[in-house]
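Lettered A, B, C and D in written order, each chain numbered from 1.
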Amino acid sequence: MKKLKVVTIGGGSGYTPELIDGFIKRHADLPVTEYWLVDIEAGREKLEIVGQLAQRMVKKAGIPMTVHLTTDRREALKDADFVTTQIRVGQLAARINDEKIPLKYGVLGQETTGPGGFMKAQRTIPVLLDICKDMEELCPDAWMINFTNPAGIVTEAIAKYSPIKSLGICSGANNMMMDVAKAYGVERSAVTARIMGLNHLIFADRILLNGNDTTADFIEKLAQGTGTNKLKNVPDIGLSPDFIRALKLYPLSYLKYFYLNREMVEHELEDQKNGGTRGERSLEIEHALLELYKNPELCEKPAELSSRGGALYSDTACSIISSIYNNKHEVHVVNVPNQGTTPDLPDDAVIETNAVIDKLGAHPLAYGRLPVRIRGLIQSVKAFEELTVEAAVTGNTDAALLALVNHPLVPSVDIARHILNDYLAANRDFLPQYAF
Amino acid sequence: MKKLKVVTIGGGSGYTPELIDGFIKRHADLPVTEYWLVDIEAGREKLEIVGQLAQRMVKKAGIPMTVHLTTDRREALKDADFVTTQIRVGQLAARINDEKIPLKYGVLGQETTGPGGFMKAQRTIPVLLDICKDMEELCPDAWMINFTNPAGIVTEAIAKYSPIKSLGICSGANNMMMDVAKAYGVERSAVTARIMGLNHLIFADRILLNGNDTTADFIEKLAQGTGTNKLKNVPDIGLSPDFIRALKLYPLSYLKYFYLNREMVEHELEDQKNGGTRGERSLEIEHALLELYKNPELCEKPAELSSRGGALYSDTACSIISSIYNNKHEVHVVNVPNQGTTPDLPDDAVIETNAVIDKLGAHPLAYGRLPVRIRGLIQSVKAFEELTVEAAVTGNTDAALLALVNHPLVPSVDIARHILNDYLAANRDFLPQYAF
Amino acid sequence: MKKLKVVTIGGGSGYTPELIDGFIKRHADLPVTEYWLVDIEAGREKLEIVGQLAQRMVKKAGIPMTVHLTTDRREALKDADFVTTQIRVGQLAARINDEKIPLKYGVLGQETTGPGGFMKAQRTIPVLLDICKDMEELCPDAWMINFTNPAGIVTEAIAKYSPIKSLGICSGANNMMMDVAKAYGVERSAVTARIMGLNHLIFADRILLNGNDTTADFIEKLAQGTGTNKLKNVPDIGLSPDFIRALKLYPLSYLKYFYLNREMVEHELEDQKNGGTRGERSLEIEHALLELYKNPELCEKPAELSSRGGALYSDTACSIISSIYNNKHEVHVVNVPNQGTTPDLPDDAVIETNAVIDKLGAHPLAYGRLPVRIRGLIQSVKAFEELTVEAAVTGNTDAALLALVNHPLVPSVDIARHILNDYLAANRDFLPQYAF
Amino acid sequence: MKKLKVVTIGGGSGYTPELIDGFIKRHADLPVTEYWLVDIEAGREKLEIVGQLAQRMVKKAGIPMTVHLTTDRREALKDADFVTTQIRVGQLAARINDEKIPLKYGVLGQETTGPGGFMKAQRTIPVLLDICKDMEELCPDAWMINFTNPAGIVTEAIAKYSPIKSLGICSGANNMMMDVAKAYGVERSAVTARIMGLNHLIFADRILLNGNDTTADFIEKLAQGTGTNKLKNVPDIGLSPDFIRALKLYPLSYLKYFYLNREMVEHELEDQKNGGTRGERSLEIEHALLELYKNPELCEKPAELSSRGGALYSDTACSIISSIYNNKHEVHVVNVPNQGTTPDLPDDAVIETNAVIDKLGAHPLAYGRLPVRIRGLIQSVKAFEELTVEAAVTGNTDAALLALVNHPLVPSVDIARHILNDYLAANRDFLPQYAF
């Protein structure tokens, strides 16, 4: 049997059973022979808990796949075929800082949108580029599949600074199409749509139901509130019907952080007082999940897992890996360098859009000009992202300040300065690239 | 059973049995219920011969498809779902003029490349735009699939001047991939490649054999002459090995008209003396085919048909129509407006490239910059094509002269003038748009 | 003597004596023979006061120029050579509404930046396009020179919707270069700079002092606060030195509305409580100026005029008109369609940048890519501007809502909706294009 | 007195007295204090003859400028302010080969257009890049002004491969405007025009006579043959009136090599039989000029000099140097990197167009899309030029072959191969970059 080795960095994550479940279900199509879970020393306990559940799941499924647990990343990477990453440098404690610091200044405190995304990128990009360096040595032809947030920004960093083949993936678009399917009472597979934007900043049009254009109808459903443009991990504050109708596009729920910024900040401040930020609540959920996982009788993905946002990640990831492995030429939504897909963004900017996936990678579908009604927002967030990548790679504080100043949700240079100072102070241990 | 009505304009063509054969083979997938063959009064005899063969073929296949023959185009178009065109305004006699007139001046005389393509476009575009006008009235949602040459130029005219949905198709890319398959002794389906260029001016790279990149290896095969970059309807004059290696791309055989222009012109002049131009030989082949078709015992596509270039047309056409009809999201090579696929050509220029085909049409894969080693040729032929479309739609003789002057194979303004004058004189009956 | 007829629409403006002064000083170079001041009936009293001062100024100067006062716009436009506009539809009362309504919602209330610019454009563009229509009939070859704010947006509307030749001008860049001159103790003429951006959103680099590059030095002066990046009509709240150093560009003072948005809104709210908005204070200044102008002994531009922002307008306008009239090929900063000057904005977007001015108009200098540190802001404001133009021309409330939502200083869709509703209610009399 | 040191490499050229004459006439404006003429050892005799004439001319003019003659390039370059180049590697003997070899194969044999330009670039670019290397060390802030042909190609090589500031200049545009002036009986200074294209491949529109648009009128003059679109060094074979009217642009005479290629080749073959190629005739003219220069009584530019094409070079060069030196912001036609001037060519492609010249260099005026009627030709020649630069810098024979194949005047790959082989064999001594 031909070896097919998959490595997941950040394997101790509570999401891992989703991935295992995906590899088990698709085994006929994607016959993984070795599956390696890697985590850092500080995550060893979680790695053991999650890894043993994984082993029980595989055993029950009765497939010829071995599950390996290790804190030696290089051992795992040796001759790998696919490397998935789902790391959280600084763990949930760092995320909670990411959220609370901007909120001190009345600015959105969110994991990936706003200053939080900047800070997460600063911690994460150096680690991912280190992994890429190892891969160049140990498995230079392997694919890196990033589930790690902020997915678009980290993918741009890798595309610009490493020769390793990589794709950034996110379940957001899948979620949107699932919501369309629910609205019409059809299977997810009956729905396709054209997606354009940046990670967590995407819009759909050309929504097809079994190939028939249902875009205008679905937009009207959304406007009337009978559509369900909700992601589980985004508070449910609705966009007004007249705005939806004017926009004529289906926005990902994360767009509310931009379109209803003032309301979302107030909402977060309220949350912080009552029960904590999303990061704090995630911490509780993760503890609860790990308790469940410890049960030696459990040998499948527990239902509770899906109560945490991101349940479609597994499906998204496994189907994309399979499309590469099997040279399927399927169309998926991924994060890839623009390379002319739209002339309204730089060629080397990473965008999230539809692409044909084959053995050579992702080939985005030409899109043309962005509609003016979303163009400015996408372009201004992309400028923030480019500066964020530059800061993360160089540790240049000018670039860092300019990144925050350029974020559309940061209301002044002086507030940007305060947030940056607090962020750097709180993250010294995770920022080798910065001079302190 | 749901109606699925397909109309073929120019149905009396000798190629039609190929198409019929394709629709019969794919009937499970593409259940055509009515198939209409349309031709002009002058082609009635051919229409009868070909149409009766079609009817015998369908009868033998035992599928629920009716075959209709008519010279009333509007009757046929009523409520059609797909309209394919394979017209030859002025018939082969006009083609022979197209070839002989440039040769008088020592300039390439070829059906689609060089001045011949210009002249064919002048006759053809007004007729196709007329058909589009009828379609707007009688079947506004139908797709027009053009097999009519020059396929890229006429598709550009329709895309610019008509709201009718259309695609231009050609078997060239399919032929190239078939040759790759032959070179490796594999099935055609094992081969994919990335194609870029203009109709009859395409280049392949990223040639995959079961998903593995075999581009460099195949280029070397081509250079060593063990590859088979031959199209049946193009004389076999080889490109030199060192040029193939320098080019690092797999060119369609038609490229010889550019890369070996002087030799090809000499070859054509020789042909003209001995046995006639390709048009003259086609005339003989067509007569022979029609004689075969008359045989009332014949109820399948005769083997002799494939001796005429273009045998893969049928497969190309039927699989693309099926991909639209069934919303398959397959990747095919088609002629579509550039719309940013490459920034090196205008957005509204029609190019020939890989596209995902679904119910909404063709969505080309973003390509980025053209390699400099083919960029200039593609751009200069595109300028010729744009001016050719402008002349064909307006009948403006300035545009016509500029089109010919801009063709890279026309060696002077004065020769362009002579060819244009002779062409206009010989084609008065087919040029309603020009003032005489 | 050859006729040279200049018309100023909005001639009753308190600024007019600046213009008159400019035409008098440049009479040798730009021999205006007829100067027409036009105003609406409601402005007749101001027109008389200002116009009589103008007549006294010309008389004192002893030049052969006649000054005409009229409320008949068409009489004035007949055979004009240059038409300058400085209109304020709804007068200062409308401006005060423009400022106060956003402030109700905690959003910047400013004449041209933020929602105020949107609203002013909605009132102004229909009137300017009406003037253009008259010009097509009465003086089709005349140039329209717009001093009317928002200068970039109205120029874009005219460029997109009228064949009349027009330029938008603003004294902002001149002010910046004057400040450089002051910082170095040299004449204004010793300073040149490269300017890029949108009206009231420009940045300078390549700052030359007698041809020598002093950019880095001046940026450091700015950072150290010894430079004077102040416009008289913008509150003096400084940008932090580290931001100036990171930006490495010299921003127009109006950029503070973006870079210090939160502080500027607080400042405006304070102003509103103590002594009124800028519009309210302008009302007082205008009254005082008109009182001065009434003095029949006054026959020159009073010194008090320059206490109101915009004193360099006259010099900017007259030198540009002279450069056109005399085919001088001088370089000036103007508002013109992009047409490829930077690929980061649409070709038909109006930008403010350096251009060679000759008899055919303004020819901007190719700029290339925008620096990423200002790119996103410029692109997002341009998207707002495009939608603002669309709304102003069509009266489409979807476009109007999308324009406000796209402004980077508007923090939510719902606030955009409130501002729009209040604005439309307050401006019904000036919005013939909207359905009420 | 402030030092102003100008160096001319290739100072022994027969053109040098033109340059000296220019510097003398402009001395008030451009007070050159040291003028150095440099040549190679093989050119020492010519350098002495020309240099002594130069010294006599300066002496007669009575200006404080010293003229130095040397074969030590590095001595001359030390602390230079401007370096002009007018070199001819391999001298006229090499040019004659450049012409004769293509003619053997029935292909245009011309100094700069066609294969000749390719070959001249291969010899010249390595030498110019060597000079740039010396300049980096000895005068890193100096400007290099290239009169050396092929001016566009060599300027592209320097812009891509050296940090030295450089401009490529040519008298072609000046000649065109002089011809306009003659056609209207006005001074050269009364004429301006917009120029776009590549060196020796330019087109004019927006032709202004004292600021008034006379384009259409002049085109008609050209068509009627009363205009004088002749350059002294291009044979006078006229373009047909209907083509000129269709083109609606004023082409440089060199365009005849493209628009009348077949006729020009025949003309050259005839010339070769009767009296020799242009290079052979130039050799005679040069001998004659040097004989004249030897006359110790001669102390001004002899009238015979202008009988050789290029008499306006001096004026072009000196006025551009003065515009840089004096920060004049004048508009001149120069060869500069495109950088977005037209989106139809790569950003780093050198084009010939109008630019504002100041102390920082040349700032081209944004042009926008190229007209389709000249776009393809310009783009295809540019592809040839890019490949020519690549070959000249790397000595890669694949690039060299592709360059020749891509030239629109080379009719086949096999002929390209023959020309390349003959060229390389004939130029071995001048091609250090190629492996033999």
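One rule holds for everything that comes next: a residue touches a chain if its C-beta (ideal position, glycine included) is under 8 Å from a C-beta of that chain, and two chains touch if they have at least 3 such contacts.
What you see is a predicted model; the values in this text were computed from it and never measured.
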item: Contacts common to subunit A and subunit B (chain labels); value: none
item: Contact-graph separation of subunit A and subunit D, given in steps at minimum; value: 2
item: Interface with more contacting C-beta pairs, comparing A-C to C-D; value: A-C
item: Chain whose Cα centroid lies at the greatest distance from that of subunit A; value: D
item: Inter-centroid spacing, subunit C versus subunit B (mean Cα positions, whole Å); value: 56
item: Intercentroid distance (Cα basis), subunit D paired with subunit C, Å; value: 45
item: Residues of subunit A touching at least two other chains; value: 343, 369
item: Pairs of chains found to touch, sorted by chain label; value: A-B, A-C, B-D, C-D
item: Residues of subunit C touching subunit D in the complex; value: 192, 206, 208, 210-213, 326-327, 329-331, 338-343, 347, 354, 356, 358-360, 363-369
item: Touching residues (chain side subunit D, partner subunit B) in the complex; value: 239-240, 242-243, 245-247, 259-263, 343, 346, 369, 372-373, 375-377, 379-384, 386-387, 398-399, 401-402, 405-406, 408, 411-415, 417
